[in-house]
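One structure is given here, and the rest of the page talks about it.
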Amino acid sequence: MKLDAKIPSGPIEQAWDKARFDMKLVNPANKRKHTVLVIGSGLAGASAAASMGELGYNVRCFCFQDSPRRAHSIAAQGGINAAKNYQNDGDSIYRLFYDTVKGGDFRSREANVYRLAQNSLNIIDQCVAQGVPFAREYGGALTNRSFGGAQVSRTFYARGQTGQQLLLGAYQALERQVQAGTVTMFPRTEMLDLIVIDGQARGIVTRNLVTGELNVHIGDAVVLASGGYGNVYYLSTNAKGSNVTASWRAHKRGALFANPCFTQIHPTCIPVSGDYQSKLTLMSESLRNDGRIWVPKQKGDKRRPDQIPADERDYYLERRYPSFGNLVPRDVASRNAKHVCDEGRGVGETGLGVYLDFSDAIQRLGEHVIRERYGNLFDMYQRITDEDPYKVPMRIYPAIHYTMGGLWVDYYLQSTIPGLFVAGEANFSDHGANRLGASALMQGLSDGYFIIPYTVGNYIATSKLDKVDDSHPAVQQVVSEVQQGITSLLSIKGKRTVDSFHRELGKIMWDECGMSRTAQGLEKAIGQIRQLREEFWQNVTVPGSGDDLNQSLEKAGRVADFLELGELMCIDARDRNESCGGHFREESQTADGEAQRDDENYSYVAAWGYTGPDSAPALSKEPLEFKYVYRSQRSYK
Amino acid sequence: MSTSAVAVSKHRAPGFWQSTNGKKIVMAVTGCILILFIIGHLLGNLLIYAGPARYNAYAAFLHFDDTLLWIIRSVLIVSVVLHIEAAAQLWLRNKRARPVNYSRKEAIRSSYASRTMYWSGPIVLAFVIFHLLEFTGGFIHPGSRFIAGDVYHNVVAGFSVWWISAWYIFSLCLLGLHLRHGLWSMLQSFGIPHSRAREVVLKRLALWIAVVLIAGYISIPISVLTGLVK
Amino acid sequence: MKLTLKIWRQKNRDEKGRFFTYPVENVNPEMSMLECLDVLNESLIERGEEPVAFEHDCREGICGSCGFMINGVAHGPQSATTACQLTMRHFKDGQELTIEPWRAAAFPLIKDLVVDRRALDRIIQAGGYISVSTGNAPDGNNIPVGKDIADRAMDAAACIGCGACVAACPNASAALFTGAKISHLGILPQGKPEQDRRALSMVAQMNTEPFGSCTNIGECTAACPKEIPLEVIATMNRDYRGATCRKRDDLVQVVAPVTGWSSSSKS
C-alpha cells in the first residue's frame, strides 16, 4: 500500500498554519448533526471529546473504567515539556523539536514533531487556565525542572502527579461538556469492533461491561485514543486494564499498524518480587538526578550493600558514559542494567536489580533536601518494599513503560481507514524509536486539544457521508462476528486461566522482544506465540456468562488480541535489522556495544497490514526524510 | 439514546434548608447561640458561691423585664427547636444513606464525643426539660418545698438529694462531650477553614472550653453535696 | 503465610449477597492485597468457580479504581495507602480478613466488591471545572499564583475519587470529595469567577444524590489515601454559605441520579 503522510509543502515552521488554512470548516449550525465517537478518556481522548463538544459536535465518549478519570494517563509522574523558555536558558520550539527528533533516534516524522513542539506552548496555557496546580515560584511564576537528561529546564510539573492533574483538567473539561449536553459519556463500555462501510469508519460495536449488552454506535468519524499496548508483556507499568483491543480490531478492519516493535523500557522501576507479581511500579526518572547506580564488581556477591566497600562497587553508567553518567537516556540506562544482571552481578533475591544509591547525595546535601525533592517517591518505595531508601540503596530494574508504535496516521492523525483518527499513545507518530521523558503528556494533549478537533472537522466537511443505521448489513455482520467471538471464548471451557496465558506470552515477549533482540530469538518467539495462541483457543477457561460483569471474559478478549499483536511485534522486530532507540538488535551494534543505526536501509516507518489469521502481514513503508535535523549517531560518552 | 451515561432530566436544586450543608449551618448558628447561653448561665450560677443574697439578686435581675426575658427565651427555644429539627432530619437522611450496614466497621480517628452526638443530644434535651421542671417551674422538687424567688434555697435543697445531683453530673458530662465535638464542628459547618495544624489546636481548645464549662457547672452540686454551699 | 479471607459475594444488585470464607495459603508478605485476591481468583477459576469481582486498574495508588473495606477500615489498616499498595506484611499469619464493598445508597452494588460511583462524576459535572474552552487561555504566566496558594490547591487536587471517604463516613457523606474539588478550584485565581456558582451547583448535586450529611468527625480524612485535609469541608461550607447569601436569580440545576446500566442499541 502506498502511504501518503500528507505533509504540507513549504517550510516546516508554517506547515501547520498552512494545513489549518487549507482545511474546510463545518457550518457551526450543522456541527450538532454530526456524531463523533471517541474511544478512550485519557489525556488524548478526554481532551479531544471535550474540545469537539465545545465546538458543538455531538460527541460520544467511551471508556472501559467506571469513570473517565481513571484512564492511565493519570499515573504519569514526572511532568510535561513545553518550549516556553520561561527559564531563559535558550529553549525554543526549534530546540524542543530537535531534541525530540534526535531522542527518537531519527525514526519519527519531522513535520509532526515540529507541530508538537509548537502546540506545547498552548498546552501549558490551556492547562493553567483549567486550574491545573502546576508548581510555582514564590513570586507566582510557573517553575520548571530539567528532566530525562535534557539540557534545558522545560518540564512543568505538579508534584509527582503531573499526569493526574492534567488528566483531571481534561476530565473536568469533559464533564463540563457532559453537563452542557454535547458529550455523552459511556463508562464501563468497551469497544469491541470497528464498523467500516464503503471504506469509511462509520461506527463501533461496544459491550456494556455491566449488562453484557452489545451496542452499535454510528457516527461520522471515530477517534481512537485507547492508549498503548505495553501490557502485551504482562508485567509493565501500564494499568491492568490497558489493552490493545480497540486498536487491534481497527487494525484487523484495515488500519495499518506502524512500528509495533518500538517499545520503551523505563530504567527505574521497583524489581519483581515474585511470580504472583501483577504489575510493576515506576519510580520517577528524576531520581537519577541525585542517585548513583551501581552493582557489585564481583559476580554473585550476596553481601549487604553497606558491607561492600567503594572499590568493590561498579558504578557502571559513570564508568561507561563519563559525560552523561547516571543521566543517559532511558534506553541506554535500561540496556546497561540488563547487561550487568545478565553477567550475574544483579542484586536482590532474584538477581534482577541494580542499586540506586542516595547515600552520597544525602551526605552532600543533607537528608532534608533529598526528602524535599523525592519524599513522596521514597515513601512509595518504602510502602512497597518495606526498605528505607534513606538508609539502604533502592533496588531498581527496567520495565516496559510505553509503546512508541501504534496505528499508522498521516499528518492529520487519520489512519489508513478514512474517518478513523488515532490520537495519543495509540498512534505511532511523534516519538520515533524512543520517547523522551515528559513528552507523552505533551503529545496526548496536543493531539486531543489542538489537532483532532480541526482535522476531524475537515474530514466531515470534505467527505460524503451517507446515512447509515443499525439495520445496515455491514453493521449486522460486525455485531454477529463480535457475538461469535464472545460465545467462542465462553464455550472453550479448557483448563488454563487467562492470566496464565498472558503471563506466558509476557515472558516470551520480555525474553525475546524486550531490551535486546536477535533474529534467532525473535524467530523462536514467533513460533512460541503461535503455539501459545493455538493452545489458548483450545484450552482457555473463562468462567461465568456473557450477560453480566465478567472480568475474566474482558481479560480473555484482550489477551486474545495480545496474542496476535505479540507475533506482529516480533515480526516487525525481526524485520528491522538495525538498532535504534528502544529497539536493540544484537546483530547491529558498535564495537563497544552501543546501538548502531542503519539509516541507509531502515530509515522508514514500517506499517503492517492485516491479511488474515494465518497469513503473513503485509509491509508498507513510509520513507522518512530529514530536512531540518542533521542525522547523527547518538552518543552519550 | 443510551441511559448508561447520565440522565438529561434536570431537577430543581435543593434549597438551603433542603441541603445537608444548609441544615448544618443552621445547627452551627443555633449551637453557637446555645453555647453563649451556656456560658452566660454558668457565669450567673457561679454567683452561688457569693452567698444567698447576691445569688437571689442575680435571679431577680434576670426577671427585671418579663418582655425582654421572653424575647431571650424565645430565641433560645427557637434555637433548640431548629437545632433538634435539623439534627433529626439529618439523622433520618443518614440512616437512609447507608441502607446495608457493614458487618464490621472500625473508627480510626473520630473522637468518642463525635460519634455519640446522636445520643448525647437527646439525653441533654431530657436533662434540660428536667432542669426546667425542677428549678424554673418547680414541678419536680423532691425532698423539699420549691420557693419561688428563693433560688438559692431551691438549688441547695434540690442538690441535697443525691440522685438528683448524680443525674445532673451525668447529664452535664454528656453535655461536655456534646460541646467538645460541637464547638469544633460548629466552625467546620459554618465554614471557617483551618489548616491541619490549627485544626489540632482548635480541637484541643474545644476540649478545654468544654472541660472548664462542665467543671464549673458540676462544682455546684458537688459543693452542695459536700456541704461547701449550704 | 496463611490467611483466611471472608469476602462479600453478591451476584448483582437484586440478588442477596453473603460472606464466603476462603482460606488462602502461600501468601507472600510482599504481595499487595489485590495480588492476594488475584491468587485466590486463579485458584477459584481453576476449580471452576467464578472469581471475586473487584475493581482495579493502575495498581499504583493513583487511579482510584480499587478499594473495599478490610477489617472494617477503608483500604485497610495502613494509612495513606490504597488497597493496591497495601502489602500483606501488615497482617499476621493466620489472620482472618473481612472484605466487603463500599456500602452507601449512593454507591449501588454492581457485583461482589464492585460498586457504582457515578454519583461522584455527576458532582464534578455539576460544576467541578473552570469554564474555559480550548484555545481561549491567556499565557500561563499571566496570572501569578503564589507558591503557597499553588501548594494548597495541589493538596486538595490530589483526590483520586476512590470513594473511601464516603465508605468510611458513618453517614456515607461525600463532603470530603466535594469539598476537595471546590477548594482546589476556588483557591486558585483562575477559579474565582465561578466560585459561587460552583459551590451552589456542586453542593446541590451532592445533596440530590443519596449521600448523608457531614458531621465533621473526620473518619473520611483518616481513611483518605491521599490525606485530603478536613479543611476542604469548611471551605465548601464557607463558599456555599457565601454563595447562598449573594445568590442571584440564575437557576441552579441538578441531574437525577441514574443507577441503571442497561442500554438500548438505538443510536
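A, B and C label the chains in the order they appear, each numbered from 1.
One rule holds in what follows: a residue touches a chain if its C-beta (ideal position, glycine included) is under 8 Å from a C-beta of that chain, and two chains touch if they have at least 3 such contacts.
Worth saying up front: this structure is predicted, and the values here are computed from it rather than measured.
Asks: Counting only C-beta pairs in contact, which chains form the busiest pair?
Replies: Looking at every pair of chains, the most contacts join A-C.
Asks: From the Cα centroids, identify the chain that ends up most central relative to all protein Cα atoms.
Replies: Per-chain C-alpha centroids ranked by distance to the global centroid put C first.
Asks: Measuring from the mean C-alpha position of chain B to the mean C-alpha position of chain C, what distance in angstrom results?
Replies: So the centroids are 34 Å from each other.
Asks: Based only on mean CA positions, could you tell me how far chain A sits from chain C in angstrom?
Replies: Their C-alpha centroids are separated by 27 Å.
Asks: Find the geometric centre of each of chain A and chain B from their Cα atoms only, then give the gap between the two centres in Å, rounded to an integer.
Replies: 59
Asks: Can you tell me which residues of chain A touch two or more of the remaining chains?
Replies: In chain A, 178, 185-188, 208, 210, 215 touch at least two other chains.
Asks: Can you list every residue of chain C that touches 2 or more other chains, as numbers and ranges?
Replies: Residues 118, 121, 125, 255, 261-264, 266.
Asks: Show the residues in chain B shared as contacts by 2 or more other chains, in ascending order.
Replies: Where chain B meets two or more other chains at a single residue, that happens at 1-2, 4-6, 8.
Asks: Give every residue of chain A touching chain C within the complex, in rising order.
Replies: Result: residues 35, 47, 50-51, 54, 65-72, 74-75, 84, 86, 122, 124-131, 133-142, 158-159, 161, 163-165, 168, 171-173, 175-176, 178-179, 185-188, 203, 208, 210-211, 213-218, 237, 239-241, 273-274, 276-279, 281-282, 380, 383-386, 449-450, 453, 469-470, 495, 497, 499-500, 541, 543-544, 548-549, 551-552 of chain A touch chain C.
Asks: Using the touch definition up top, name the residues of chain B that touch chain C in the complex.
Replies: 1-14, 16, 18-25, 90, 93-94, 96-111, 114-115, 117, 181, 184-185, 187-196, 199
Asks: Considering the complex alone, what residue numbers of chain C touch chain A?
Replies: 11-12, 28, 30-32, 34-35, 38-39, 42, 44-46, 48-51, 53, 55-65, 78, 81, 85, 87, 89, 110-111, 114, 116-118, 120-121, 124-141, 143-147, 149-151, 153-154, 157-158, 160-161, 184-185, 188, 190-191, 255, 261-267
Asks: How about chain C: which of its residues touch chain B in the complex?
Replies: Residues of chain C touching chain B: 19, 69, 71-73, 98, 100, 103-106, 118, 121-122, 125, 168, 170-173, 200-201, 203-205, 207-208, 210-219, 221-223, 229-242, 244, 251-258, 260-264, 266.
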